[in-house]
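Labels run A, B, C and D following the written order; every chain starts at residue 1.
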Amino acid sequence: MNAADRQEWALLQAVLAAELQAAKALTSQGKAASYIPELAKSPPDALGISIMRADGAVLAEGDVHLSFTMQSISKVFTLMLALMDNGERAVFEKVGKEPTGDDFNSMLKLELVEPGIPFNPLINAGAIVISSLIAGRTPAEKAERILDFFRSLAGNEELDVNESVYRSEAATAHRNRSLAYFLKDNNVLTDDVEEVLDVYFQHCAVQVTTRDLARMALVLAYDGTDPITGLEHIPRRFVQIAKTFMITCGMYNASGEFAIEVGLPAKSGVAGGIMTLVPGRYGIGVIGPALNAKGNSVAGVHLLERLAQRHDWSMF
Amino acid sequence: MNAADRQEWALLQAVLAAELQAAKALTSQGKAASYIPELAKSPPDALGISIMRADGAVLAEGDVHLSFTMQSISKVFTLMLALMDNGERAVFEKVGKEPTGDDFNSMLKLELVEPGIPFNPLINAGAIVISSLIAGRTPAEKAERILDFFRSLAGNEELDVNESVYRSEAATAHRNRSLAYFLKDNNVLTDDVEEVLDVYFQHCAVQVTTRDLARMALVLAYDGTDPITGLEHIPRRFVQIAKTFMITCGMYNASGEFAIEVGLPAKSGVAGGIMTLVPGRYGIGVIGPALNAKGNSVAGVHLLERLAQRHDWSMF
Amino acid sequence: MNAADRQEWALLQAVLAAELQAAKALTSQGKAASYIPELAKSPPDALGISIMRADGAVLAEGDVHLSFTMQSISKVFTLMLALMDNGERAVFEKVGKEPTGDDFNSMLKLELVEPGIPFNPLINAGAIVISSLIAGRTPAEKAERILDFFRSLAGNEELDVNESVYRSEAATAHRNRSLAYFLKDNNVLTDDVEEVLDVYFQHCAVQVTTRDLARMALVLAYDGTDPITGLEHIPRRFVQIAKTFMITCGMYNASGEFAIEVGLPAKSGVAGGIMTLVPGRYGIGVIGPALNAKGNSVAGVHLLERLAQRHDWSMF
Amino acid sequence: MNAADRQEWALLQAVLAAELQAAKALTSQGKAASYIPELAKSPPDALGISIMRADGAVLAEGDVHLSFTMQSISKVFTLMLALMDNGERAVFEKVGKEPTGDDFNSMLKLELVEPGIPFNPLINAGAIVISSLIAGRTPAEKAERILDFFRSLAGNEELDVNESVYRSEAATAHRNRSLAYFLKDNNVLTDDVEEVLDVYFQHCAVQVTTRDLARMALVLAYDGTDPITGLEHIPRRFVQIAKTFMITCGMYNASGEFAIEVGLPAKSGVAGGIMTLVPGRYGIGVIGPALNAKGNSVAGVHLLERLAQRHDWSMF
């Protein structure tokens, strides 16, 4: 670590508490997701951030002990696992590479745009297809492989599925069933719908802390190789693909704005998590359950905008 | 029956064979539905028509011995049964009264137009909701009540569900499942989706001949009272509602054109059937499995256009 | 006129004032159109109705001296004039016959549905195309022919364009310009856009009273021949086409509901006018500037529902 | 320039002819735009590329003497000029920051998504709004300022509007008129539509070579400061915004795919040009008039994919 890096770290350390406190004020402008009872229980004014650097040192501020479900953040990793299991060609026969401009659970383009495959792997329709591409003889085996993958990336064998969130989603996620049957009708999904959704609901319900997200993101920041352990988890090309999708589609239909205001690959989840990274430098995890109208953590996004602009982190 | 009526009947009798023969030539322009294997087996060049008058006399021409499944034609009758079971207010809280201009299985307006209820009871989404409104403690009981209702209208105790078509649809109709789960997510459907669809698939698979359709249509032509038996099957207001929907939405998104070229309340089905009526005079059943691009019997529509224009049957 | 007709007329006369008074209460639920300043000046609580029978007798109640611009009501007549000028085939190469389910000025289906022609002649896009099909060497000549046609139908040589409404629309109707240029890009319109719109704005701005509308509707109720003068103004087939469109598309995207609740061919305009007819019996004109969310006179629709249900006027 | 850079330059020089030759084979899979006669005249099998580095050295291969109109490539620069003229806040009140997933001239989201402003400044609707934001008392003055800006960036005082392309577009671009009037109706455009479009058509018709594009791109690759002259043309923040849009929206609705396969900020035009850049290193201009289904130069995209992958140019 050179002098400039040391200096930035010290500066970050100095300002993080104040920036977090300032951003926390915005939590009142958002609202925790309520579509499943478990999510509605999140403390709406919480805000926490963990920033991890290559040697494993962590800056942690705010509600970093809060644990929450990954939700859509998990999709970045299932995409990479599906690429490792199937290769680029097979994956991109079933999902496209384009942002949609529509809501994350929209069905418009499936009906309107030939050939009726999901536009990208980070919207719900695409992520459901990706879940169907994970290798494994049974849904349980697929879910197990995904969980193992997440654990190894997070360096945390304790990671597990939050059973009550998983059951709650499985019981109520009729829009996802609707998407899945549409895909089945279009011959994009060929497996049993409930079995595919079972895998999907499980990986969305993996419970993490901001520290876990920061560690997983750190692996992406170092192109697939954990800088702490030196283990190569993911081929660099697949990390590149994932990071590109995080820029173009990672923050729902506010991805374009996030790219302009923050300029870092990121993925948000409906539980209020955001995973982002500064390439070659940091992995970052954020939690802030109060969401804005586009479904992203209102205070989390603001905090990242402030940090990115102050430290000139944009890739662009 | 007055002299003018007698004369028209004689004229119809005289021209029907030739008109049917001429229309038969158009069958080559269409194609039998293939989305379920059973339907693809229909003879694509078949064409048959039965016209029944108030005294039960029937003009029958062409392939009138062909039996086929009612498919969407059944939706006219389940609508009336749901109205009888629930009243207008309860039914129209869950389905609208407007044509859509979209395909019969489109989901666009469910996503785009508040409050996300089906636009009308004759598109798939609406008919599925209607199936959920039929009284009965179990799906089997609902299906039984529907079948009884159809039998009494057709005066044919032999009417029954074609089991292989029913099973075939139940196994493959993923787009309908997608619609149903979307409706469930919108809280328009509250019952178990597979149970509702089971009722829906059964009434779509009721097997009839053109004579059955003609008899059922005759009841509508006489405002709900069977002119042959004198039995009042359906309150006149509910027949009025059904006939209005048959004009505005009965022929998929070719309903407007049919209203202009034929001008009679009608409903078509994907097996190639068309049920129509001349108010106060005839019930008419048509079969012609070769469908045009809009999903209506290509030769059947042509035959009805010719007859309606020759005999000035348009209501307008 | 037979005894039953006399009796109905007497009954109508007896109840009309009370029905109108009851319906007037609903005006507070609506709002006069405000997109052009002239329309916003209409008295929002006005309500008037004229019912004319074949011998020219008129029942008039409420604000029948109010004059207002025809707006979309004019489209029924320009359609028939275009049919007289060009024949069915040429007209229906450029406009379809289907209701849209969308707003009257929507562009969705022009972009989404091949071949990009307006779905019907009563939505704005279709009516603009119809305006382009009126015979005449210049826009002025076309507008003059239209005005002459309206005058002869209304039996009122005083009918004229409200210049200030016309100018107001010409200055502000950018959505119509957008529609027209889209149609030009699709090669559906070939004339100069501003010239076509000039014709369109003029016929929309023709000023009438409910009595004028009732007289014009009476000609349609008698299939194109004025029962008072015996003059045949329009071939019966073209009246049939117009009446069919009035049922399927006449009341914007509340046409289906109006068909079920009233059951008569009708056309509304944004100034609050409604023209409707009881086939073979009456021509009816209504004014009520307060509009509901779908753009129809809120009290006018209610009044017609009450009268149609009380007197069993539905065609269905 | 360090050793690695020298080595890459030498390698590029060595392979460029062969790569271009290989990519040229793909021209037969595309088709030159034909919507204006002038564009249809382009040699469909042409392909040329210029790569410029900070000291002004250029690698040029293929049809580099071909001149062509910038078309949509110009929109990147008018965006930056509008930002310089108005600031971020004023610009982003009138255009959004999101990719659409729709065609570049689509009107769907203008109608469907509140508040009806263009989703981003690189689709036609957005670029037209941007043209209206360029400072200047008259359209001529605005067009002149834009041309001066382009000339200074290209270091080429000869740059000029291709009058026949400009006139051709002005005469035929009815879809753009439709977009502009829709925006005017939504109060996003307030100026006279034809005056705004006049500015727009002119900057789209500026004639360039691949060398001009490479030079202009070089300024962006160096964050707004021309590395050859040292002149600061554009504030770095506005270049950052432009580069971000080039990644998320620069290649029409193939932007996501280009980001994954090439990973560089780029903008294409319907004449077959592509402008791209390697941050901190090269400006690149490509011409290949044969377009793929998404409207991008089929051979040009392929050539850039090959070079980017071989030289590991992706930003991700």
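The rule we apply is simple: a residue touches a chain if its C-beta (ideal position, glycine included) is under 8 Å from a C-beta of that chain, and two chains touch if they have at least 3 such contacts.
Bear in mind the structure is a predicted one, so any value in this text is a computation, not a measurement.
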Pair sharing more residue contacts (C-beta pairs) when A-B is set against B-C: B-C
Residue-number overlap at the chain C/chain D interface, same or different (half cut): same
Label of the chain whose CA centroid is most distant from the centroid of chain A: C
Rounded Å distance between chain A and chain C, as computed from the means of their C-alpha atoms: 55
Centre-of-Cα separation between chain B and chain A, whole angstrom: 48
Centre-to-centre distance between chain C and chain B (centres being mean Cα positions), rounded to whole Å: 32
Residues of chain C touching at least two other chains: 112
Topology of the chain contact graph, where touching chains are joined (line, ring, star, complete, other): ring
Listing of all chain pairs that touch each other, if any do: A-B, A-D, B-C, C-D
Parts of chain A lying in touch with chain B, wherever the complex brings them together: 106-108, 111-112, 174-175, 177-182, 184-185, 193
Contact set on chain B toward chain C in their complex: 96-102, 109, 119-120, 240-241, 243-245, 247-249, 253-257, 259-260, 263, 265, 314-316
